[in-house]
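Heads up, there are several structures right after this.
Heads up, the next two complexes both have chain A, just with different partners, chain B and then chain C.
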Partner chain A sequence: MADHSEHPASFWTAASLLPPLIAAALFAVFTTFLPAVAAGETLRYAWGWIPALGVDFSFVIDGLSLTFSLLISGIGIAVMLFSGRYLAGHPQHGRFSLYLVSFMLAMLGLVLADNLLVLFVFWELTTITSFLLIGFSHGSEVSRRAALQALLVTGAGGLAMLAGFLLIGAETGTFELSALREMGDVLRDSPLYIPILILVLCGAFTKSAQFPFHFWLPNAMAAPTPVSAFLHSATMVKGGVYLLARMHPNLAGTNTWLWTLVIFGAFTTVFASIVALRQNDLKQTLAYTTLMALGALVLFLAAPGGYAVTAAATFLVVHSLYKAALFLTIGCVDHATGTRDARRLGGLARRMPLTALAGGLAALSMAGMVPFIGFIGKELLYKGGLESPASPIIVTGAIFAASALMFAVAGVVALRPFWGSDGKMPLLDRPIREAPLPMLAGPLVLGVLGLYFGLSPHGLQVHVTDPIVGAILGDPDMAKELYLWAGFNLALILSILTFATGVAIYVFQDRIRERIVAAESRLMNFDALWDRLLAAIGTGARVVTDLLQPGIASRYLMAVFTTITLLIGSAILIRGLDIGTVGLSGVDGVHVVVFGLTIAGTLLAVVTNSRIAAITGLGVTGTGVALVFIMFGAPDVAITQILVEMLIVVLFSVAALKLPTLPQRLPFFHRRAHAAVSIALGAIVAGVVIAVTSVPLDLRLTEFFEANSYPEAHGRNIVNVILVDFRAFDTFGEISVVAIAAISAYALLRQRKTKGSQ
Partner chain B sequence: MNSLILTTATRLIVAILLLFSMFMLLRGHNEPGGGFIGGLIGATGFVMYAIACGTSEARAALRVRPQQIAAAGLGVAALAGLSSGLLGDPIFTGEWLMIGASGDSKGLALSTVLLFDIGVYLVVMGGILTLVFALEEEI
Partner chain C sequence: METLLAMTLGCLVAAGVYLMLAGDLLRFLFGLTLISNAVNLAIFTSGRITVGGTPPLVPDGAYEPAGDVANALPQALILTAIVIGFGLFAFALVLTLKAYGLLGTIDIDKMRLSEAKPDEDKA
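Here is the complex of A and B:
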C-alpha cells in the first residue's frame, strides 16, 4: 500500500476528505450532548418501526452511549485523516472510504440503540462492514481467510446473542433497554437466566475476542493499518464490552456473572500480554495488547463495585486513546520504512521526530507512567482489584502481571524502533522521512490528550466516568474520583512494583521471548483447530448431501412421502382422528363415473410397466380431479388443473425419449416399501380430508370475501380477486418462485448441455 | 416433427390460443380466468408451435427470450404492488381508475390489480416457455 503514497496531490479528493469531515461533524454533534449527560440526564429518541411487534427504532443517549459515540467519531476523525493520506491514489480508495464510514455509522447505531433488536441489526452491520474491511486486500489469501474467520466467529456469536435477546423479550415483554433497566431482578430471578446469560456472553465474548474466541483478532491484522487502528483497538472489539456494560443492570450481580467474567477476563488478559511480548510484527504485538485490554475490561465489569466500574470506564478511554495512537504510529513507521518487524527497526527518532513523539506519548500512557491518564487508569484497576468480591488475589494478580508486561511491551513498541542504533531496514528507493501531516495529526492529538487528561482528570470524570457509572450502576454517586495523586497507599506500592517488574522484563525481553516461543509449541493452536473445524463442517455437509441427494428421483419422493406419512401418522396415533359418520348419501351416477375413472387411471399407473401407459393413467387421474373441481364449483381451479395436465403431457413427451425404459420388475423389497408408503399416505390423506369435512367449515373468511369482493375490489371472481388483490403479496411470492424455478431448471439443463458437448 | 397437417393447423390454433389467453386474462376479475390461467394458455400456444415447427421457429416467433418475459413479468408485478406505496397506501393495495363510471356501472375499470395480473401472466408464460424450450433443445 505504501506504493500509492507518492502522489500527495491526490489527498485532496472526496475519498480522502469526506470521511474525516463526516466524522468531525458527528463528533461535534455528540459534544453538544455532553452538558446534559454530565448533569445526569438520559435522552431517548424513538421512531416507530415494526409497531405490531413492539419494535421501535429507538436510541438513547446516556453516559455509556455518549462516551462510546465520542470515542468512535473522535478516533474516527484521526483514523480517516490518516487513511485519506495512507491510501491516497489507491485504485479502490473510494470503496475503502465507503466501507470505513459505513462501519462507523453501524458502530454508532450499535452503541446508541435502545432497542435490543435494533442493537442486533447494527451489531451485524458492524460484522459485515468489518468483513469487507479486513478482506479489503482481497487479492491475498491471508486477508480473505482472516475476513471470513472474523465474520464467522463474530457472526455466530451475534446469532447466539439474538437468541438471548429473544429470550429476554419473552421473559420481560419488552426489547427496550431503558424499560429493562427499570425492571430490577426480573431477569436474574427468571428460570431462563442461565441460558440468557450464556447466549448474551457468547455474543460479547466473540465480538470482544475473549479466550477461547481470541484467535480471530490477531488474524484480522491482515487489514490495512487504519482499519486495525479503528476496528480492532478502539471500536468494534469494544462492542462486546459495551454489551456487557449495557446488560450489567439486568444480568450482573450474580455469582455466575461474577465468576464467568473474572475467569475469562483474567485468563485472556494474562495470556494475551504474555503472547504480546513474543511477537516480532509490531502490529501483532498491538493486537495482543488489545486482547489484554479487552480481558481487563471484562474482568472489571464482573464486579458491581464503584471502583471496579470506574476503573473499567477510565481504562476504556485510556486504552482507546493510546491504542489508536500506537496503531497509527506503527502505520507511519511501516509507511516510511516498509517494515513492521521490531527486530529490524531502530534509530528512527532522528528522521521521524514527530512520529517518535506521538508514539512515545501514547506508550507512556500505555505503560501507566505519571502524569499520564494511563497512570490513573492503572491505579483504579488496582483499587478495583483489591476490593473485588471475587478474589482480590486473582484479579489484582492478573492486573499486576498484565500491567508489568504492558510496561515492557510499551517499550518494545515505542522505544526500540525509534531509539538506539539504526536498524536493518529494507532498502527503499526513497529516503526515510517524517510522515505527512494528515497521518501524524491523529496520533499526536491522541497522545497529547492522554497527557492532558492525566494532568486534569476532572473534566473526564464529570463528563465520562461519572455518567458511565451512573448508566451501569444506576447511581453516579458510586463513581470514584480520578486523582493523579491519591496518597501513599497499596495501589501506589503495586504501581511502583509494576514499574520495577516491567523494567526487568524489558531488559531480559530476548531471553523471555525465547522461553515463550519454546512453550508456545506445546500449547493448543486455536487457529489450526479452527481450520480443522471448518474442514469437518465441509466433510459433514458432503456426507449429508450424498445421503440426502443421491440424484435418484424415486428416492427423493420416497423420502418426502415417508416423512409426511410418519409425521401426520404419528400425530394421528397420538391425538386420534375423529372422522365422524361416513355415508354414501348424495352420491349419484356422475360421481360414480368420475371417481371410477380417477381410480382406474391410478391403478393403471401403478400396475403398468410402460411409461407411456403410466403417464396416460396419471393424465386420466388428473382429468378426473379436474372434473371433481367442476362438479363442486371451482372452475378456475379446474381450468388450471387441465392446463397443467396438458403441459405435463407435453413435457413428458419431450423427456420420454431420453428416459430409460422402466425396469421390468423392481426388487421385491422396494415394491413392498413403495406400496406400503403409498397406501399409508393415501389412507392418511383420505382420513384427514374426511375428518376435516365432517366438522362444520369455518366460513368467516369465505363470507368476508363474498361480501367484499365486488364492493371493495371491484371483481366478481372471488378466486382471482383473492389472488391479485386481497392476497397479492402472497401471489407475488409465488410468481417469484415460478420465475426462480424456471431459471434454475434452465441453468441446470444448459449445464448438462455444455458438459455433454465437451 | 414434420407433419404438414400439424404445422398448418398449429398456425391457426396458436393465434386463437393467444387471443383466448388474452381473453382469459382480462375477464379473470369477474369470470373464471385470470393471469395464471391466461399465462398457461399462452404458454401452451407457443409450446404447440415449438412441437410443430421446432424450438428455433418458436423462439423467433416469440422475438424475446422467455427468461426476459418472466423477469419482465416479475418487474411489472412488483411495480404494480409498489405503486400504491407512492400514493400513500400500504403496498399491494389495489388502486383503481374508473373511466366513465355512472350510477351502477363502474365504467372502464383500470387498476394496478390488472397490471399485477398481467405480471402474473408474463411470469407464468415466460417461466414455462423457459423450461420447455430448454428441455426440447436439450433432448
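Here is the complex of A and C:
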C-alpha cells in the first residue's frame, strides 16, 4: 500500500468520499431511533415480497438491531474514512469502495431483518461481499485461498442455518422473528428442537468462527486492513453472535443450549487468547483476539441470567470500539513503516504520537483498565461468570485466563511498537511520519469513546444495554447497571488478580511464546486439515465421476437398470407389496402351451450364438404373445402383432446380410451381476403387475366407450372406434412418429459415408 | 390367470434386460423387442383378462356389447404401442447398420467417439 501514499490529492475522489458520507447518513438516521428504543419501543416495517409463502420484507428496530446498526454504520464511518486515504490512488479503489458499501448495506439488512428468510438472504450477501473483500488482492494466491476458504466455511454454515430456518417455519408456521418471540416454548418442546438447534448453531458458529470452524478468520487477514477492521472484527463475524442473541428467546433456556455454548465459547476464548500471544504479525494477533472476544460473547449468551446478557451486550460494544481502533492503528503503522511484525517495530511514539495515542487508548480499554469501558465490560463478565448456571468455575476461569492474556496482548500490540528502543524497521525511501488525518480520525474517536463511555456509562446503559437485554430476555428490568465503581467485591478482586497475571505474562512473554510455539507443532493444524478435506472432496468427486461416467456404454446401461431396480425395489421393500391372492383359476392346457412357447422362444434368443436361431426365438415369442391376445378377446391386437412380428423377422434377416455374426457370449460366470439385475427387475415387474391386478379396476372409461361407440361414432368394433374416433389425434401422432422414423431410417441408409470416417 | 401372465412377462423382461446388457448392438435389439412385448402384455394384463375371450364388439342391432366382453381400452393403447415400438425398432436397426458401417464393430463398449478414453483424446 505504501506506493499510494504519494498521491494525497487523490483522496478527494468519489471512491474516497462517498462511502463515509453514506455511512454517516445512515448513522444519523439510526440515531433518531434511539429515544424510542430507549423507551422500550419496538418498531416494525414490512413490505410484501412473496406473500404466497408468507415471506415479507420485514424489518424490526429494537435494542438489539439498533445497537448493531449503530455499530455497523458508526464504525463504517471510521473505516471508510480510513480506507479512502489508505487506498487512495489504488487502481481498483472504486471497486473496493463498492464492495465495502455493499457489505455495509447487507450487514444492516441482516441485523434489521425480522423475517428469517430475509435474514438468510442478507446473511449470504455478507458472505459474498466478504469473499470479494478478502480476495481483493486477487493477484495473490494467499488471498484467493483465504477468500475461498471463508466463502466455503461460512457458506456451508449458512446453508445449514437455512435448513434450520425451514424446520422452524415448518414447526411454527411462521418465519417472522417477532411472531416467533410470542410463541414461548413451541420450539423448545418440539421433537425437532435438537435438529433445529444443531443447524442454527452451525450457521452461527461458522460465521462467528467458533472452534473448530475458527481457522478461516486468521486467514481472512489477507484482506486489506480496513476490511479486517470492519468485517472480520467489528461487524460481520458478530453476525453469528447476533443470530444467537436473536434466537435466544426461542432456543435458549435448555441444558443443551447452555452447555453447547459454554463449552464451545469457553474453549474458543481460551484457545484463541493463548494463540494470540504467539503471533508475530500484529494483524494475526488481533485476529486471534477477535476469536477470543467472539468466544466470550458466545459463552455469555449461553445463560439467561441478567448479568450474563448485560455482560454480553456491554462487551459487544466494548470490543467493537477497541478492536476496530486497534486494527486501524496497526493499518497506520503498516502504512508508515511497511511492516506489521511485532519483533521489528519499536519507538514509533516519537514520530507518530497521535497514532500511539489512538492505539494506547484502545489498548487500555482492551486490557480492561480503569476508567475505560473495557474495565466495566470485564467486571460484568466476571459477575456474569460467577452467577452462571452452567459452572461458575469453568466460565469464570475461562474469562480470567482470557482477560489476563488480553492484558498481555494489549501490551504487545500497543506498547512495544510505540515505546522503547527503535525497532529494526525496513528502510523506506521516505521518513516515517504521522499518519494522515483521515486515517487517524477513526481510531482516535473510537479510542476516546472507550474512555468517555467508561467515565459516563449511563448513556450507554439506557440506550444500548438495557434495550438489548430487553430484546433478548424480554424484560429490560433484568439488565444490570453499568458502574465504574461497583464496590469492593469478588469481581474487583478478580480484576486485580487479572492485572497482576497479565503483567507477569507480558514480562515473560518471550519465554511463554517459545513454549506455545513448541506445543503448537504437536497440535492438530486445522488449516492443513481443511486443505486435505478439499483434496478429498476433489478425489471423491473424481472417483464418483469415473464410476458413473466411464465412457463405457454397457456400464451406463447397467447403471440405468440397477437404479430402476433399486428405486422400485426399495419402494416395494418400504411400503410392502400387496399381491392379493395368487390365483391360477381358469388355467387350462392350451394356456400352458402358449405361455410355455413364449418363454421357450425367449430362452432360445438368450442362450444362442446363432443369429438365425435368435431371430427364430424372437419370432416364436412374438407369435406366443399374439396367441395370448387371440385367446383373451383381442383379435385386432393379435393381427397387428403378427404383422409386426413378421416385419421384424424380415427386417432382421435383411439387415443380417450386412451385419457381423453374433459375438461370442461372455461366460455366465462373468455376467452374474447382469443376471442378478435382470432377474430382480423381471421379478419386480411381475410382482407389480400381480399387485396391480389384485386391486379393483376403475372401468368408467371402458364403459363410456362401450356405451357410446355405436350411438356416437357409428362403429361396432369398439377398439377401432377408440383409435380412429375418440382418440384420433393420438393415432394421428402415432402415424407421424412412424412416418418420421421411416424418413429418418431412409435418410440414414442413403447417406454416403461422411468424410473422415473409417 | 393374471398371475401366470405376469410371470410370463416377468420372464420376458428379465431375458430382455439380460440381452440388452450383453454388450453388442444385435443382442441389444433382441432385448428391446422382448421388452416391448413384455410391456404390451403388462398393459393388457392390467386391463384384466376375460377368460373365454369375447372381443369388444357391438352386435348388429344392438347399441352396446352384449354381456361380458374384453376391456377395449388397453387394446387400443397396445395397438398404438405395438406400432410405435415397431417404428423404434426399425430406426434402431438402421442406426445399428450405420454404426457398424462407420465404426466396423457392434461392440457398444468400443464405440467411444463421443466419450473417448483420456489417453485416446488426441487419437
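Here are a few things to note about the model shown:
The rule is simple: the second predicted complex is superposed on the first by the 551 of 758 C-alpha atoms of A that agree within 3 Å, B and C clash if a C-alpha of one lies under 4 Å from a C-alpha of the other, contacts with A are read in each partner's own complex, and residues count from 1 in each chain.
Just so we're on the same page, contacts are C-beta pairs under 8 Å (C-beta built on N, C-alpha and C of every residue); 3 or more make two chains touch, one makes a residue touch a chain.
Remember, it's a predicted structure, so these values are computed and weren't measured experimentally.
In the superposition on chain A, contact of A:Ile493 is made with neither chain B nor chain C.
For chain A, the partner that touches more of its residues is C, with chain B and chain C as the two candidates.
Of the two partner chains placed by superposition, only chain B is touched by A:Arg750; chain C is not. Shared-chain residue A:His714: touches chain B; no touch with chain C. In the superposition on chain A, contact of A:Gly551 is made with chain C only, not with chain B. Of the two partner chains placed around the shared chain by superposition, neither chain B nor chain C is touched by A:Leu21.
Once chain A of one complex is fitted onto chain A of the other, the partner contacts of A:Ile648 are limited to chain C, with no touch recorded for chain B.
In the superposition on chain A, A:Thr640 makes contact with both chain B and chain C.
In the superposed model, A:Phe732 makes contact with chain B only, not with chain C. When the two complexes are superposed on chain A, the residues of chain A that touch both chain B and chain C are 635-636, 640, 644, 647, 651, 655, 658, 715-717, 719, 723, 731, 738, 741-742, 745, 749, 753.
Contact residues on chain A toward chain C in their complex (touch as defined above): 549, 551-554, 557-558, 561, 582-587, 591, 595, 598-599, 602-603, 605-606, 611, 614, 618, 621-622, 625, 628-637, 640-641, 644, 647-648, 651-652, 655, 658-660, 662-663, 665-666, 671, 674-675, 677-679, 681-683, 685-687, 689-690, 692-693, 697, 699, 701-702, 705-707, 709-711, 715-719, 722-723, 727, 730-731, 734, 737-738, 740-742, 744-745, 748-749, 751, 753-754, 757-758.
Residues 635-636, 639-640, 643-644, 646-647, 650-651, 654-655, 657-658, 713-717, 719-721, 723-725, 728-729, 731-732, 735-736, 738-739, 741-743, 745-746, 749-750, 752-753 of chain A are the ones touching chain B in the complex.
Chain C contributes residues 1-15, 17-24, 26-27, 29-30, 33-34, 37-38, 40-42, 44-60, 62-65, 69-73, 75-76, 78-80, 82-91, 93-98, 100-104, 106-109, 111-112, 115-117 to its touches with chain A in the complex.
Here chain B touches chain A in the complex through residues 28-37, 40-41, 43-44, 47, 51, 66-67, 70-71, 73-74, 77-78, 81, 91-92, 94, 96, 106, 109, 111, 113, 116-117, 119-120, 123-124, 126-128, 130-132, 134-139, going by the rule given at the top.
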